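Paired with subunit B in one complex and with subunit C in the other, subunit A is shared by the two complexes that follow.
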Partner chain A sequence: MAMENLAFLIPLLPALAFVLTFFLGKKLPSGGAIIPIIAIAISCVISLSITAGLLANPEHVVTQSVHWFAILNLGILIDPLAAVMLSMVTFVSLLIHIYAVGYMSHDPAKPRYFAETALFTAAMLGLILSDNILQLFVCWELVGLSSYLLIGFWFHKPGAASAAKKAFLTTRIGDVMFLAGIVLLFADIFAILEGKLPEGVYLLQFEEIFKFIPDLVAINSTILGMEVSHLTLVTLLFFGGAVGKSGQFPLHVWLPDAMEGPTTVSALIHAATMVTAGVYLVARTFPMFLAAPGTLMVVAMLGAFTALFAATMGIVMNDLKRVLAFSTISQLGYMVLGLGLGAVIGAEAVGVSMFHLINHAFFKALLFLCAGSVIHAVGTHDMRQLGGVGKVMPITFATMTAAALALAGFGIPGTSIGFSGFLSKDPIIEYAYVFATETGNWMPYLFAITAAFLTSLYIFRLIFMTFTGKPRSDYGGHESPSSMTIPLAILAVFAVIFGALTRGKFMAFIESNFEHLDMNALAELGGYHLGPHGHEPLLILWMPLIVAVAGLVIAYLIYNKRVIDMSRIVSSENPVYKLLYNRYYQHQIFVEIFSVKIIYEGLALASFYSDKMLDWLVNGTSTFLIEAGDSLRKFQTGVIQDYAAAVVAGVGLLVILVKLIMEVF
Partner chain B sequence: MVDLMLLAPEITILVTGLIVLLAGLFLSAQSKKILGYIATLGCLVAMLLTISSFGTTAVMFSNSLSIDALSQFFKIVFLTVTTLVCIASVKYTDGNDHADEYYVLVLFATIGMMMVASANDLMVLFVAFELASLATYGLAGFEKKNPASIEASMKYFIIGSLSAALLLLGIGYVYGATGTTNIEGIAQNIDLLLNSPMGILSLVLLIAGFGFKIALVPFHMWAPDTYQGAPSLVSALLAAGSKKMGIIAAFKVFIGALIALQADWQIAFAILAVLTMTYGNIVALSQTSVKRMLAYSSLAQAGYITMAFVVMTPMALTGGILYALSHGFMKAGAFIATAAVVYMVTSENKDILNADHLDNFKGLGRRMPITALSMTVFVFALSGIPPTAGYMSKFILFSSTIQSGLVWLAVIAILNSALSLYYYARVVRYMYAKPTDGDRVSEPLPYVVALLLAVAGVLVIGIWPEPFVSMAMEAASVLI
Partner chain C sequence: MIPLNWYLALSAIVFSIGLYGLMTHKNGIRMLMCVELMLNSANINLVAFSSYNDDMTGQVFALFSIALAAAEAAIGFAILMSIYRMRDMIDVDKLNILRW
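Our next item is the complex of A and B:
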């Protein structure tokens, strides 16, 4: 089929759009937005048709590969997993680009904006369809770079500049771990082959790596007295990369600050690109995770903890976009938890997690674009100054409510009726229960169900504070232009029905991704037992809905009916509120205690003199070298006789030196 | 019967040179522009001919010329540099009545370099060496009204003659001991030289002769003065092209003929490599003339390439040979970019003295964006930042050094690379971070074309090194 041969165009077109828009954007109407929009639209069509082809025949995986150098290749692998990601990213990115035409209309730097978002999309698409881990890493770094550029888009604002730096540095910690994982993996494969590299095989292709899983498990190292399999190390290092990119605890700190960029950028980062990269990495290398003893437990615990941790902070934020930022972290926690549950459900975990990822992409993009619509109209992020916006912006209100219902997870358990978020979050919570019964570890389940309650609470708090009641400040609002509302409406349709339409089929489709691998055998290597699991008790089945409704009711009572006087709770006297509002003092912990107190003062006190010494050494070296350069220049007298003398003297000295050295050695 | 087709590239350049010479007689100064196009075309045809016959081996003219992958690779290097220089020269010689002489000298210098690459006999090698040298002496003094250019030419000529004398003396000793000037013949009779006190002396004399062209410390003294005084495009030809002639000659003579004295010349080259790279980098730190800075950086680069002689593994030679090609692109590009700046400065003020002063690069990012961006690529490539040709070559060369156990040498080279970043990055800082009150200048098309070609070369080798590495490997396999 012709479409498959065009697969390489999927990342290439947006990349081309980046170049064209960057250089020619100024001369085109609306900052050259049309170029990336057309490019991404074509990519979207190609992706969708490839996905359709795969749906008809899941065996028909698209692979293309060209030799790069040595044992590395540049390649494309579009299996079901990549196909759905490609379709989602191109589609959501396309809508966000269209929306941005209206949203960015007043900004003078439009060409730069559209060029950078095109690069961002290109990098993400390249990441998704990489068939080898190194190419994926290269694109991964490109995603990091473009996110840095976009978060700091308004770089003249100090907040934006520092947020961009923070995002770059924080994700960098993860990136270094990821790279270390790749290095360790390659070193181990090299050792397994005893240095004899087979001809014509690209060892870093995923399919090739998977063949080495049994050998990798067998390599052990002793770390801190514990016997650790190298596969566990590699997967944990990969997961470290995912923690950075996907904003998991404790590397989530960059995500809320990333709001400093334009809201459309937030939508891109939070929904379509960037944060899903980490989850995708784990999904892509899932067979390795499954076979690595212990890794999935870490993944599940960290995911569940992040889901709860971020949700608690979401309920006290007053900034519209910050609430959504914490919500993203929390939902990513669910996705990571879903992957971790592979310990009991095997490849199904990838299906569940990816399903939530896709649904989340739709409703989170929608939430951000709605928030952007509100901000565009009234010019403030602060919910305390809003209220009653629903009356002036009915379309935004309706679409945002749909997104909120999807996020909170409303639906009828046991059926396919429900908002998309329900149909994907519910299985994760149910499987967390299975996980609890199988392993006796109840923590993930308890975290996940509590987080579900808090999710409902914070999102309806946002809805009631923003859209209902009376305006709390004097803002002149108007409904946004149609280039903004049409993407909202399209996304709203997806947020409502996508889950219901595709539910069973989607997960089966994703699971078919790993059909050619013996998942049970891999799980054996990891020390997991994948058995059939029984039905959950009725209460467990209904629990997610019950807590979601409870959250809605409480939010309604407090923020709409005002039955409880919030001023008593929201005060600096209340230690819990203070703790949450200050985000568990993470900033203080990271900056003041960790970096300032421990590192700086520790250094300053313990090595006051060595500090001086370092200064002296660094400055001294440079001064010395430059001085040396200056004085060596004097040899260059400009007098030709001296030059000739140097040549002859050089010959003489060289003869003597060579002779001497030959004699001595 | 000699297959003359294998000499087609040289013949093409020769014919082009003669056409340019004759046509120049009948053309007015204004229409001499066409000579630049003819020269460029000739170089491109010669390059295509060389590439199409890459890998064929032949010995011709009573064993005095040999065509193999090594000689062809270096011919490609020379032709690349000459092509870039010819393209950029279209603007430089615009309206100059002596344009025909300029192109003829450039082309004849190129033939000399190409013949050195093919030489299989010390006499042929010497004559070709001198052909290239004599042509470039003239080129360095091309700006007859500019005292700096005349001084550059004179210094180059005098030191060049001295070095030629030393080289000839070295060849004389070798001939005296072994009774032949043929490279294979010398290798066969090497025992006669090995046991003679003339051995080390002839070695060092040959090193001095080639070291003059490569600009190894202490035979380098002419280089900074000449590169700075000569027209920038001629400096490009000298630094990027004729320097490689010294390297290929040294490859042929030392590895081809004098391999038995390996232990001696490896020590000599080790000393010279370390001296050259360190001296070049340290002195470059405090330069304010960009051409002079590039001259010293060119010393440092020569020091890196010389490491190939010290390591002497197939991988190291591959690295050294690839470095020669990469350096051709990077250094030619950097000098052409400087030429564009000099052109801009002199067109604003005819009598300016140091047009290549660092201060004239201030705000170049705004004034000449393409030149500034290309210059950025070149200096980053020279300092070895990926994904550029400079990085790839350094990577292969340095890693082969470590593999063969010469960790100390690799450490010195890597420290030197780190040091060099200071003066390279300083240029970028001047171009982008320093304000200027100059206006945007329209960049002449010939310069832009040459710059973009060089940028493309630097990036293609950096991103897609495979074909170039395998070509360099094939070239290296001719030697060992």
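Our next item is the complex of A and C:
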């Protein structure tokens, strides 16, 4: 089919748009926004039609490949997993670009904005359809770069500049681990092949890597007295990369600060697309994770912990966007937890996790765009100064409420009726229960269900504080222009019905991605037992809804009806509030103790000595040369007689030498 | 016929006188004259060998050498003249503004 041959255009068109917008944007109306919008719209159409083709016939995987160098290639692999991601990214990116025309209308640096978002979109699409791990890594770094550029878009603000640096450096820790994982993987494959590289095979393609899984499991190293399989090491290093990119504990610290960028950037990069790259990486290499002993346990525990940890901080933030940032971290924790549950449910975990990823992209992008709409209209982020915004911005209020209901997860258990967030978060929590009964480890389930309660609490706190009640300051807002409200409405429709429409089909579609691999055999390599799991008790089934409603009711009582006096809770004397409000003193721990005390002072000490040595070396060289010159130039007396004497002496010496040589021979 | 050694001895004596003068005098004109002596001692050698070997090349070479010496002397004296106009002396030891 013709559309498949155009697959290479999907990342290429936005890349082209980046160049064009960057150089020609100033001359075009509204900063050249039209170029990336058209480019991404075409990419979106191609992606959607390829996805439709795959839906009709899951065997119809698109593969294209060109030789790069040595045993590496540049290639495209669009299987169901990549197809849904491509469709989601192009679609959300398109809507956010349209929205940004309105949102950024007052900004003088529009061409730079649209060029950078186009670059981001190109890199993200390249990442998704990579068919080998190295190309994925290159794009992975490119999205990191565009994230840095866009967080620091208002670089004249010191906060934005330092947030950009923080994001770049923090994710770099993960990136280095990811790269180390690739290097270790390649070295191991090289060792397995005993240095004989087969002709015409690109070893770092995912399909090729998967063939080496049994051999990789067999290689062991002893680390700190423990026998560790190399596959476990490689997958843990990959997961390290995912932890950095997807804001999991302890590398999540950059994500809340990343909200210094424009809200559209937060919506596109730090909510819907880029931060899910880590989840996508794990999903992409899921057969490796499944076969690696122990890795999925780490993944599940860390995901569950992050989901709860971030949610607790979300309930005390007063900045509209920061609440959403912590919510994003928390929801990413759910996705990672979902992948970790592969320990008991196998490939189904990828389906569940990806389903939540896609749904989350819709409702979280919507939440951010609604927040952006509010910020655009009233000019403040601080919820304490808002209140009653719902009266002046009815469309924003309605769409944001829909998104909040999706995030909190309202729906009827056991049916396909519910907001999209419910239909994807609910299976994760249910499978966490299966995980608990199978392995006896209740931590992920308890953390996930507690986090679900807190999610509902913080998001309705946000809704009630912002949109209901009386205005707490004189802000004088107005409803946003239609270029902003139309994307909101479209996203709201998706946030409400996407899950219900696609539920069963979606999961089966994603699972067909790994049909050609024997998942049970892989799970046995990893020491997991994938068995059929029975139905959950009724209470477990209804629990997510119960906690969600409880969160809503409590938020209503506290923040709308004001049954409980807030000043008693929100005070600097309440140790819990203080702990949460200061975000568990992570900043202090990371920056003041770790960075300043240990690294910075260590470096200062080291540089003190290295400076001494370098000074000695550099100054010594120059002193030596100056002094040598000083004494040597005395030879040039400037007295002609001296030179004449030297010439005569030289000639005399030459004559004697010649005479001596003649006599010897 | 006068033996070749005599010519060589004369040449050596003239060269030595020139060298002695060059080494002991500070006056620019005297030094130039000494250089001329040394050059001409070489010319004596050239002509002597030429006539002894019956080969005209040496004499032609000597002519070139004399022409060169004339040019060199002209430039040298011109420089000394301008130094004298500026400084009222031609003592080369005192011309040391470029020295360390």
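As a convention for this text, the second predicted complex is superposed on the first by the 597 of 665 C-alpha atoms of A that agree within 3 Å, B and C clash if a C-alpha of one lies under 4 Å from a C-alpha of the other, contacts with A are read in each partner's own complex, and residues count from 1 in each chain.
Throughout what follows, contacts are C-beta pairs under 8 Å (C-beta built on N, C-alpha and C of every residue); 3 or more make two chains touch, one makes a residue touch a chain.
Note that this is a predicted model, so its numbers are computed, not measured.
Novice: A:Val201 in the overlay: touching subunit B, subunit C, both, or neither? Say first, second, both or neither.
Specialist: Neither subunit B nor subunit C is touched by A:Val201.
Novice: Of the two partner chains, subunit B (first) and subunit C (second), which one does A:Ile640 touch, if any: first, second, both, or neither?
Specialist: In the superposition, A:Ile640 contacts both subunit B and subunit C.
Novice: According to the stated criteria, A:Lys659 is in contact with first (subunit B), second (subunit C), both, or neither; which is it?
Specialist: Only subunit B is touched by A:Lys659; subunit C is not.
Novice: Under the stated touch criterion, name the partner, subunit B or subunit C, that contacts more residues in subunit A.
Specialist: B
Novice: Residue overlap on subunit A between the subunit B contact set and the subunit C contact set?
Specialist: Shared contact residues on subunit A: 633, 636, 638, 640, 644, 648.
Novice: Inside the complex, what are the residues of subunit B that reach subunit A?
Specialist: Residues in contact with subunit A: 154-155, 158-159, 162-163, 166, 200-201, 203-205, 207-208, 212, 217-219, 221-222, 224-225, 263-265, 267-268, 271-272, 279, 282-286, 419, 422, 464-466, 469.
Novice: For a test of understanding, state which residues of subunit C touch subunit A in their complex under the given definition.
Specialist: 19, 22-24, 31, 92-93, 96, 98-100
Novice: Quick one: in the complex, what on subunit A touches subunit C?
Specialist: 633-634, 636-641, 644-645, 648
Novice: Residues of subunit A touching subunit B in their complex?
Specialist: Of all residues in subunit A, those touching subunit B are 67-70, 622, 625-626, 628-630, 632-633, 635-636, 638, 640, 642-644, 646-651, 654-655, 657-659, 661-662.
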